[in-house]
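In this document, chain identifiers A, B, C and D correspond to the written order of the chains, with residue numbering beginning at 1 in each.
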Amino acid sequence: MKKSPKFSGTICPAITPFNSKNSVDFAAMEKHYQMLTEAKINGILVMGTIGEFATLSIKERLAIIKQAHQFTDLPLIVNVSTTVVDDMIRLADASYDAGYPAVMALPHYYLSQTTNQLYEYYKYLDSRFLGDWFVYNFPARTGCDVDAKLVAKLMLDCPRFIGIKDTIDCASHTRSIVLASQSIRKDFSVFAGFDEYFIPNLLNGGAGVLSGLNNVVPDLFASVMKAFNENDFHQIQLLQKEISRLSNIYNIGDDFVTTIKTAVAEKHGYLKANSRNYGGALNAKQIDEVKQLFKL
Amino acid sequence: MKKSPKFSGTICPAITPFNSKNSVDFAAMEKHYQMLTEAKINGILVMGTIGEFATLSIKERLAIIKQAHQFTDLPLIVNVSTTVVDDMIRLADASYDAGYPAVMALPHYYLSQTTNQLYEYYKYLDSRFLGDWFVYNFPARTGCDVDAKLVAKLMLDCPRFIGIKDTIDCASHTRSIVLASQSIRKDFSVFAGFDEYFIPNLLNGGAGVLSGLNNVVPDLFASVMKAFNENDFHQIQLLQKEISRLSNIYNIGDDFVTTIKTAVAEKHGYLKANSRNYGGALNAKQIDEVKQLFKL
Amino acid sequence: MKKSPKFSGTICPAITPFNSKNSVDFAAMEKHYQMLTEAKINGILVMGTIGEFATLSIKERLAIIKQAHQFTDLPLIVNVSTTVVDDMIRLADASYDAGYPAVMALPHYYLSQTTNQLYEYYKYLDSRFLGDWFVYNFPARTGCDVDAKLVAKLMLDCPRFIGIKDTIDCASHTRSIVLASQSIRKDFSVFAGFDEYFIPNLLNGGAGVLSGLNNVVPDLFASVMKAFNENDFHQIQLLQKEISRLSNIYNIGDDFVTTIKTAVAEKHGYLKANSRNYGGALNAKQIDEVKQLFKL
Amino acid sequence: MKKSPKFSGTICPAITPFNSKNSVDFAAMEKHYQMLTEAKINGILVMGTIGEFATLSIKERLAIIKQAHQFTDLPLIVNVSTTVVDDMIRLADASYDAGYPAVMALPHYYLSQTTNQLYEYYKYLDSRFLGDWFVYNFPARTGCDVDAKLVAKLMLDCPRFIGIKDTIDCASHTRSIVLASQSIRKDFSVFAGFDEYFIPNLLNGGAGVLSGLNNVVPDLFASVMKAFNENDFHQIQLLQKEISRLSNIYNIGDDFVTTIKTAVAEKHGYLKANSRNYGGALNAKQIDEVKQLFKL
């Protein structure tokens, strides 16, 4: 796996399959990564929110770092977020050592940091990370926000800060980051974090999307990039409508991770739908809704 | 003015000009409506939020209803929202009498209504309105939300409920309403309420936009409709970037209404920037930012 | 009615009774004011939120101002809030003319003002009000907040700004205002806006409470003041538990105004429970819950 | 240390002192625990939010569990919250083994659980915990809420669920839990999580407080219990005012943990103020404010 200077297009925050004992199922993971690779998307985020990083022990995460890059040739990013900074550094070191081109870090997700604290926190991480890194902004989960102004400030100070996943259901937020970053560095990648922001973000000059439905229909997302490159507006319109329609998946069930896993299980068959989030399992009616949505 | 069966495209929530004594300046209003008419946008919302309806007395609103339709041939909608329902009916009656094709009604903006209350409220309004009407959803200002499920329920009950202005910085919200409404009636119009959602909303099958920058650069918004109709993807991309860039106007000053008025005053010259929202006036530096943004 | 220099203790935001045609029922209003007067509370707020000011026309409000002060000898405050400042001034003028010792003004409840705008707005009102006035802070309804710092700033500038009703379910907010105001002027009254904050606010040095249950059980609230003055801690503990228990009323129904009216109707009998908030009426089961709560 | 059947009064969520290399400083911890013990408060929470549990590795937490109970005879609770359930169980097992009478568990603080998920999550924890346990509700940090209804449901299902720390600046929330729990079991303890809710919570029938200022002025909090037991209302009023005044500490600095540590360092001298939350350190002016507040 070679270091890629820049990320763009559609990237899948891959689910982490578990076996019936709720341990990591590496065989299923390999099949999932192969499916994603064949769909020709532009990369994979290892252990993002949908990959249930927050329920994995440090030992499990190190084991996944060791394995995942062997399952694909796609560019990979590893989410190394934990609330213990030394553990983050350990995961980051292991990632860079294994050849991953970049890691990704959330704000501390318990301390509800102020803008000033976020700045100091990321500056410190930058001083410890040995390679390129992304910010993962997900205010609904962390209770704090990495905004356009802070992104700009960090970009000026940290040349290895190469992009952001901006997971927020708010167009002005991601657009502001795109505008702010473009005036500073051209090699910076702003990814939207929700499926339906993919095309709008590309229209704004953003890098692409890093979103959940890539697990189920990666080919759909890959064809967006194709349509864009071919200036096929007719196709763009069809694809946006299809992504909108499929976004209804987020209305099914209590825990969208389990729901996405259910969709993958129903469509692709190589993994179980169980997650580590208690109370997320779908009932028969909900599984039916998932199947109808994806015409299974 | 003829009754139009359906609204779509780009609609301007027109500012209400005030003279130096802070009274309605009808001469400036006429010039503004003429400018908008010449720009070939698709309609005007009379006394929306940007039109400062909430600061106008009932008497002033009746006077504007009497005059505004004489200033343009564009399809017009009148926002009749007040917190006193009988006053709303009075404004609506005056509007239908004068030939306006539709009125628009916010949720009660002090009572913070539940979904059940919103349903009963709109059902009651429907029983009193003599013509077509729109819902105006603006959760940040009303503290309650008209969501996709409620829209669908009201559409089934109220045939004269013909559309919604969904003013919320959240793509999934407007998209859900577009999806829900399409399965019920094809003559329903879902307008996004913020400029930068115009193209994304059209891509989703929404009707268009009803947004503030139409006051300053209506030609820009009119050209979006043209590019869409001509399938000019290159142009769409340029226009989205320009709308994004200009959306920075909302970061200038305390009160975006006064800021928009300042931009109109600086660009078109026929009105004063003063508003009725205390503390909104821009300082010299901010006026300069407005001028730079619009290259004046 | 004489001008009172200072307000303290327990004040009732009186409901506005409507007859079966939903017009103001002055006969019932008189009975309600008499009941409150006999209970020896310390004052009445005319047309507060529970008094449904936001659904009353200017004409109705002027009529109530003309009548209400004749129904009681208690100190009265008139809420003159509307979104049209000239209408507010008209209501305030009528109130001062009729001899009411003070008026009360919300932030503009549609414009979502910034702190700077709130300051300019209240400074302007102060320049137009001819007598003493209160701020009515109710962030959940207005979408903006009058905080301790702004209160302090306005106190320094406006000697006739004599108090605040701080309606927020948050002890630190009201406590901060009490602390900030005490260092500036001793004649300033900080009222909590929810029943269960009465005793805690008194313990902090606040002036008292201006809250809904005073409509139903004014004697309970009057006895709190008595127990405080007599240093009867045993009684204070019993009363706090009773206020807590009765606070469950706010969990019944969609609209607490209609619920409070129902409780008054069931307990005192001289008025109807109907309100102007659509969808608030209680069903039989809910009416039963109200009756059980008040042991009727 | 004996197992205590019930917790009440004032409990200190003890800070975790770090040395200059940011490792746990057990010598300082012992001094802090001794100071708290001498002040005769009613217990200590080991590694709460102020104890920076979220920045401690599992290894560090196990080491603290091993040591802390040797530093005091006070009843102790261990916060075992992590986002990895198996790690929580490991910490809980170690705590029960060492003789701690109870553990405390937050909702998962990244997954933003629904009420249904919270129920399943706590039911699962109950099946794995070998002893008594508390819920730690801190919605501002976890993004989800354990409300009165859920507390009641869990109380019925889980006899070892013996209490809650309800950390929320909202009187109605904690009061609702007190009311709901009292009708189910008398041995349940509802602690307020912020200092200024101590006396109001006792007045409502709650168990007491579990709050930060106990680290600085534990004697003040211990004297509240004394005044209550002696029905000394005069003293209660003085103490409430003093707690209110000192609550201003939460307005100093970006990170209240570091601020509390600074106050302890300045007042008691046996530890350093440094924390693991980047950007929280106070400047000279802020340190002065802390000193003035505590008259140092």
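Assume a contact is a pair of C-beta atoms (placed from the backbone, for glycine too) under 8 Å apart; a residue touches a chain by one contact, two chains touch by 3 or more.
These figures come from a predicted structure and were not determined experimentally.
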Original post:
Which chains lie in contact with each of chain A and chain D?
Top reply: none
Original post:
Between chain C and chain B, is it the same set of residue numbers doing the touching on each side, over half shared, or a different set?
Top reply: same
Subject >> Approximate Å spacing (C-alpha centroids) for the pair chain B, chain D >> reply: 50
Original post:
What whole-Å value do you get for the distance between chain C and chain D if each is reduced to the mean of its CA atoms?
Top reply: 36
Original post:
Which parts of chain A, given as residue numbers and ranges, touch two or more other chains?
Top reply: none
Original post:
In graph terms, with chains as vertices and touches as edges, which category applies: line, ring, star, complete, or other?
Top reply: ring
**OP:** Throw together a list of every chain pair that touches.
**Re:** A-B, A-D, B-C, C-D
Original post:
Residues of chain C touching chain D in their complex?
Top reply: 169-173, 175, 178-179, 194, 196-197, 199-200, 203-205, 231-234, 236-237, 240-241, 244-245, 247-248, 250
Subject >> Residue ranges of chain B in contact with chain C within the complex >> reply: 49, 54-58, 83-87, 108-114, 116-121, 123-124, 140-141, 143, 254-255, 276-280
